[in-house]
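Sharing a structure, written as structure tokens. Questions coming.
Chain lettering (A, B, C and D) follows the sequence in which the chains are written, and residue indices restart at 1 in each chain.
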Amino acid sequence: MALHEECGVFGIYDFDGGNVAPYVAYGLVALQHRGQESCGIAITRDREVASYKDLGLVADVLTQKVLDSLDGNMAIGHVRYSTASEVSRENAQPLVMHYKKGTLSLAHNGNLSNRTDLRDKLAGTGAVFQTTTDAETIAYLIAKERIYSHSVEEAICKAMLNLKGAYSLLVMSPQKLIAVRDPYGFRPLVIGKMDNAYVFASETCALDAVGADYVRDVEPGEVVMVDQNGLTSVSKTPAPKPAPCIFEYIYFSRPDSVMDGVSVLKARQIAGQLLAKQHPVEADVVIGVPDSGIDAAVGYAKGSGIPYERGFIKNGYVGRSFIKPKQSERALAVKLKINPLGDNIRGKRVVMIDDSIVRGTTSAKIVKMLRDAGAKEVHMRVASPHFLWPCYFGTDIPDRSNLASVKYSDEELCKIIGADSLGFLDINCLHELVGKQEFCKACFSGEYPYDVHKKSDSEDL
Amino acid sequence: MALHEECGVFGIYDFDGGNVAPYVAYGLVALQHRGQESCGIAITRDREVASYKDLGLVADVLTQKVLDSLDGNMAIGHVRYSTASEVSRENAQPLVMHYKKGTLSLAHNGNLSNRTDLRDKLAGTGAVFQTTTDAETIAYLIAKERIYSHSVEEAICKAMLNLKGAYSLLVMSPQKLIAVRDPYGFRPLVIGKMDNAYVFASETCALDAVGADYVRDVEPGEVVMVDQNGLTSVSKTPAPKPAPCIFEYIYFSRPDSVMDGVSVLKARQIAGQLLAKQHPVEADVVIGVPDSGIDAAVGYAKGSGIPYERGFIKNGYVGRSFIKPKQSERALAVKLKINPLGDNIRGKRVVMIDDSIVRGTTSAKIVKMLRDAGAKEVHMRVASPHFLWPCYFGTDIPDRSNLASVKYSDEELCKIIGADSLGFLDINCLHELVGKQEFCKACFSGEYPYDVHKKSDSEDL
Amino acid sequence: MALHEECGVFGIYDFDGGNVAPYVAYGLVALQHRGQESCGIAITRDREVASYKDLGLVADVLTQKVLDSLDGNMAIGHVRYSTASEVSRENAQPLVMHYKKGTLSLAHNGNLSNRTDLRDKLAGTGAVFQTTTDAETIAYLIAKERIYSHSVEEAICKAMLNLKGAYSLLVMSPQKLIAVRDPYGFRPLVIGKMDNAYVFASETCALDAVGADYVRDVEPGEVVMVDQNGLTSVSKTPAPKPAPCIFEYIYFSRPDSVMDGVSVLKARQIAGQLLAKQHPVEADVVIGVPDSGIDAAVGYAKGSGIPYERGFIKNGYVGRSFIKPKQSERALAVKLKINPLGDNIRGKRVVMIDDSIVRGTTSAKIVKMLRDAGAKEVHMRVASPHFLWPCYFGTDIPDRSNLASVKYSDEELCKIIGADSLGFLDINCLHELVGKQEFCKACFSGEYPYDVHKKSDSEDL
Amino acid sequence: MALHEECGVFGIYDFDGGNVAPYVAYGLVALQHRGQESCGIAITRDREVASYKDLGLVADVLTQKVLDSLDGNMAIGHVRYSTASEVSRENAQPLVMHYKKGTLSLAHNGNLSNRTDLRDKLAGTGAVFQTTTDAETIAYLIAKERIYSHSVEEAICKAMLNLKGAYSLLVMSPQKLIAVRDPYGFRPLVIGKMDNAYVFASETCALDAVGADYVRDVEPGEVVMVDQNGLTSVSKTPAPKPAPCIFEYIYFSRPDSVMDGVSVLKARQIAGQLLAKQHPVEADVVIGVPDSGIDAAVGYAKGSGIPYERGFIKNGYVGRSFIKPKQSERALAVKLKINPLGDNIRGKRVVMIDDSIVRGTTSAKIVKMLRDAGAKEVHMRVASPHFLWPCYFGTDIPDRSNLASVKYSDEELCKIIGADSLGFLDINCLHELVGKQEFCKACFSGEYPYDVHKKSDSEDL
């Protein structure tokens, strides 16, 4: 309920030459949960690129009128999240750049951990930046490598040697659609097929939205290209130990998505079942905080034998643009979005599952809501470990000084939140969610997949 | 998933003189499910009325900028649904009229069954109509009665003698806020209290949204007035047998609302439990079609012992304004809104609960989706009886010729939908949902609370 | 530069059945100078009426998209001016009303002097008003008379017996387009013909804009009807002494328009020539304040022998919506709109012609501008007599207490304005502008065509 | 009436620290005639830059709400024209770039003749372009030079060595506002002073609009800088023979502007007077095509002794966004914008002055309008020589194959246009308009100030 990721990407190449513009809209609306600030499309027909992007939701930006003005058989799209202070039309993606070899369009999800270094070096050669996006930095690197390369995909592979961090990237050149996933595979990226077209998307739920079948994930460190000759895996240089973000399963992704072979729904239900074992409690009902706490709650119910019930109704009409209650009405801010289902709570001992605790302030409001609705006891269970460390790979975690679990012990936090008990998922069982050991859990453990602060030689351009 | 009601209303009177404009916005956004076409507010300070209304959602119409321009301690608001052919700014409410005694603002939820007669008679005296709303008709009647009445509330009471049908009505005169519910109580209307203010709303969930406490329902045939002297029940002349709409419980209202003492959530869960008894089946999982099928599904699960699971993810970003898939992509229309959770369905015998079947076309698409997702069997259970008759009281039911249960037997319909079995809730047990015998179920039974086609004497003006 | 009229109207009936929607847009844009607040169209095809109206200029409201959605062979349109305090979407016209005999659409230019009486009487019979327009009042009267009449035109003729004041009115019934001009003919209204269509418009410049030929003026007190049988003069009951507004010639109308047989351009040039005789002065150059002072300046030049030069450049991009300079920058408010042409002014004795003086504040700013631009002397000449009395017929004249010529003698005013000399047109020669004695000059003379304050018997409904 | 220039620029630096945002809006609205496609502002307070730009007119983009959100004591602004095919938000200026030394904002008027070479070379070093503007190219060159320079102004001076063509440029660094005019001085750029602030603008009419006094022109090849120490002329390296565009006087600029010491109004009047001598004719009246033909018409009247009259009324409400008449109504397209003043034309021999003839199609329509309005004879006089050659410096002249005077002799053209006689200004007297020999008249003569096609050494980066 509190963290945001940077973006979602979608790409499509239709060998039959059909207009793919509406499919990009469908795909992006399915990825809208990954970013609601701005969105856009870049589309190619016969080497000519057109693009449209703006602040706002997909339904408000990619209107029928806009889509009617776009035509092409190859396209990429993007939805973007960003913190309020950076809200800007300039940063909307896809970026469309003109370089030596024509047009280059980019849509990026992730975060480069060496972006400052890269920008400094590029600026040192006379580069000018018009956005604050990593996509622009990456475009520069590709353009520089392209001078000495035989193809755009070769340039991309070379540019990757200088990139550190998270990037699930779609690149569209005049004739090629290229999907790139960083060697650690921090962010998801999948391949789908539909009639005579290939589709790339951040999540499988976007494949479902356009009626495409899941083919496989782009693998960590892989570059996949689609052109008139079909789909080719250009190269694959994974990190020794890939590290897909575990938090994609816990919070970011939609439960109907499957990433790297693991169902998000399953991962959440397992988290709930583990929680039930690790933090059992006598109670009458298990409820989940919508949306991401619901499946873990179902898992807790199964694990504990306590019945699951809907705890809240979420009001989907309270969007980002809705008026904010004033200071004096602050209690309403959460209440407008979710309202407890009194009949399921009144007079009961409630286990309330949320996906995570960041600052703790929202949890406190929700617990109070439950008590006001008549809950006899409220036992909070958190379907992830304690948030303790910053993320350099695309998750917008606040300063450590604002993290509840940095500031407080569980006992203190339980009191602050107003719960009767509080339990977090044991960090040592995270692998059970995804059935493997290779993933990034640095925000919980502080152990990053590589030394994010080390300036390696490879960063020199 | 298929029917729509006409409207939702919200009113507030603050004895302390605070500006109530933002509360109207909060209340209306909580009632947004009752109407998404247009919305508006009329607000009074010191007898002066200002108003603002437009096509669009509450969050898009009642923006911070608009609210900043409005001030008053008494206000009414409205959200409206209407069929596409009537989409018009003119019909947005509240209506603000100037008549002999100053300004009269009205917000109406319901449908007059004798509207044509009333309009004809008014037109016969030289009336001109600028909208097609019942609110305008009612305003005329009040204005005519006001000439010979001592107060606006007296005029309202007299006007009610000529009204037939459903009306939950808020009227704002320069100094009074008046709530009116028709003698049958077809549509809900509740009273809340919050600090030193009274609140009226179509549903209790809007009381929750502004932090108000539920006081009681406006009773069938009751006129309740708030002015500087406080709240008064002006009169109460219920029908011999009140008939609140049962479909409010089955579909229209939010499950966190309580109407006439009955929880919507409970009514739905009971419907599911009854279904489990009436139409048992061997299956592995029970799922509900979001949103209104979910609680009945939970009830079916309890009644049958078959576990409940989330069956679908609903995409809240697919609004009314989102591009419609073209003919060739029609299968996507439903898929963009709801996507099955494969893990909960694959290889399983599924019981799928929906609130009702109108045309049957959507059900067919959803069943196909489940089969595509790997369901071994799909047993559809419908948490209401067969839809067979038109509604004259505010539910937008299509022509009988389009109703699935008018055209087909259950067996035929089951085949058309593509389900393995199909069962409807027995009409004779509807009273168990609400724990009483007095309610309107005419859309299922064809037995209307009064003879809607008879032209009674009382209709003569 | 300071007064505003209420409105402009345009109507068209195409016997060939072509879609007239774009012609309404062309005609209204030609009448835009008569009102910039709101505009709209009502259009009929096969007895079905569609309409669209909104706040804003014609180009912003009647966009290609809007026009593409409208179709009909009969239509009326309206541009509206109003004071800021009444800016409201409700008052936009045409009004579209439903009454006993179907739909009635009205577009009105003018002002009823007995509107309050009429409204009170209508309210006394139970009428409700949703706008503050005279059009709504007139619609009510027509609707009432229609009950006892055989046709809408008969009802209109009867309704006219109760109307006092100015009304150039277009009425569209399901099959007829009717043009009405009040017995005094206060506001203009002309008939044009174009291919197989008839056109009505406030001014001939709108006929030119659609390529129609001028046929004749609707005469004072005349009702003209177009239906499938062609154009008919239904009735004509002029006042004993008609009184078209002289100020239409001096300020409101476009100089390329001809009204009641008199060219606006000619009338203004004559005013200038008369001024040259009445208030001669030794000077080097004559300039006019754009736009309405220019032709009088040319006339003054001809009458005096002093050469005419352009004195100012007007910036057409400074619209109503442009930011208003703050208090500290107030001198800029006029300067942004008009800027002196230094070369024509520097070192010269300047005669500056404006159409009228209302408050005098703008004149003071313009005189200062000229002095700053190097004028040696500035002699202001006003192409109309002293503004002294209110107008009850559609001209928005401020309170007498704000009129410069009520507060000051010419000598005082000359000093306040900062001019070297000041001269007004002699009221006794106004008839020379239009070549006849019958016109309304009440705002200058205080002699109204009828006793506007008398409550005549005919006002009783 | 037919050609368009690329842009207008405005800059301001207030030593007192006041917020200059509204002044930028005032200045840009005064320059709106130089570009109506898009506009924008970049503003600095304490080294922090904010910017806002969009498609649309100044009044629609820089609204009160937008201006309220901007604050700074140093700013630049831009209005842009472009052909329809390039309409794009990306190209709106000012460009705001981040480079090694912080932020760089640029607003450019003109056209680089070696832009393709420069772009190719930059691309060869790995540059990526996000716009098609010259401003972006210039920004790159400055950024590259900045690496080896001690200051931004030094970098600008070095970058100028590589630029060929027209550029009147405003550059804003975190602490400096710098104005640059190319060595030929193709486009105008002036300096003004106002209270304790310096102002730069494309034309003096923008100085008038903000109440600033004209100081002097930025000279050809000059770089002028304003920072906390005041205004400094950094360097000045004019071309051996500067060549300000003569067409600025004939058409582009506002007649109330003075450029390089020459009044636009005077230049136009002289052109008219010369025309009267070169192409005399017996006639009754001289009229000008608004707006740019009017002052030449006044000059012709003076030179010939034939009286000047207003020939047309221009409708200022017909903007770029207004619906275009359909093919069948094409004659209306011009008529909606200008309508003849019949009284001044009927039965007369008319001399009609326009600023230039490009394709000739508009002239034909206007001549026809005059004949329809009753002109006995129409003698067209053109206040510039024959348009024969392309412009590489910012004037949007169509292909030679579309230029009337390339395709036809004067006699043929006269017949095509439908005039009784036709005369162009003699190219050999152009210097009389501006009172000097140094100016660019290449579009008439084909003699360019330098060899625009030669690839000089200095272009190598």
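Quick note on the criterion: contacts are C-beta pairs under 8 Å (C-beta built on N, C-alpha and C of every residue); 3 or more make two chains touch, one makes a residue touch a chain.
Just so we're clear, the structure is a prediction, and the values are computed from it rather than from any experiment.
**Q** Need the most distant chain from subunit C, centre defined as the mean of C-alpha atoms.
**A** A
**Q** Whole-Å distance, subunit B centre to subunit D centre, using C-alpha means?
**A** 60
**Q** With chain centres taken as the means of their Cα atoms, state the distance from subunit A to subunit B in Å.
**A** One centre to the other, that is 36 Å.
**Q** Quick one: report the Å distance separating subunit A from subunit D, using the average Cα coordinate of each chain.
**A** 48
**Q** Note the residues in subunit C that touch 2 or more other chains, in rising order.
**A** none
**Q** Touch graph of the chains shown: is it line, ring, star, complete or other?
**A** Contact pattern: a closed ring, each chain touching exactly two others.
**Q** So which chains actually touch one another? I want all the pairs, not just one.
**A** A-B, A-D, B-C, C-D
**Q** Which residues of subunit D touch subunit A once you look at their complex with the stated criterion?
**A** 89-90, 95-100, 104, 120, 123-130, 132, 136, 139-140, 143-144, 146-147
**Q** Please give the residue numbers of subunit A that touch subunit B in the complex, ascending.
**A** Those residues of subunit A that touch subunit B are 22, 25-26, 29-30, 32-33, 57-60, 62-64, 67, 205, 208-211, 254-256, 258, 263, 265-266, 294-295, 298, 308-310, 313, 315-319, 321-326, 329, 331-332, 335-336, 339-344.
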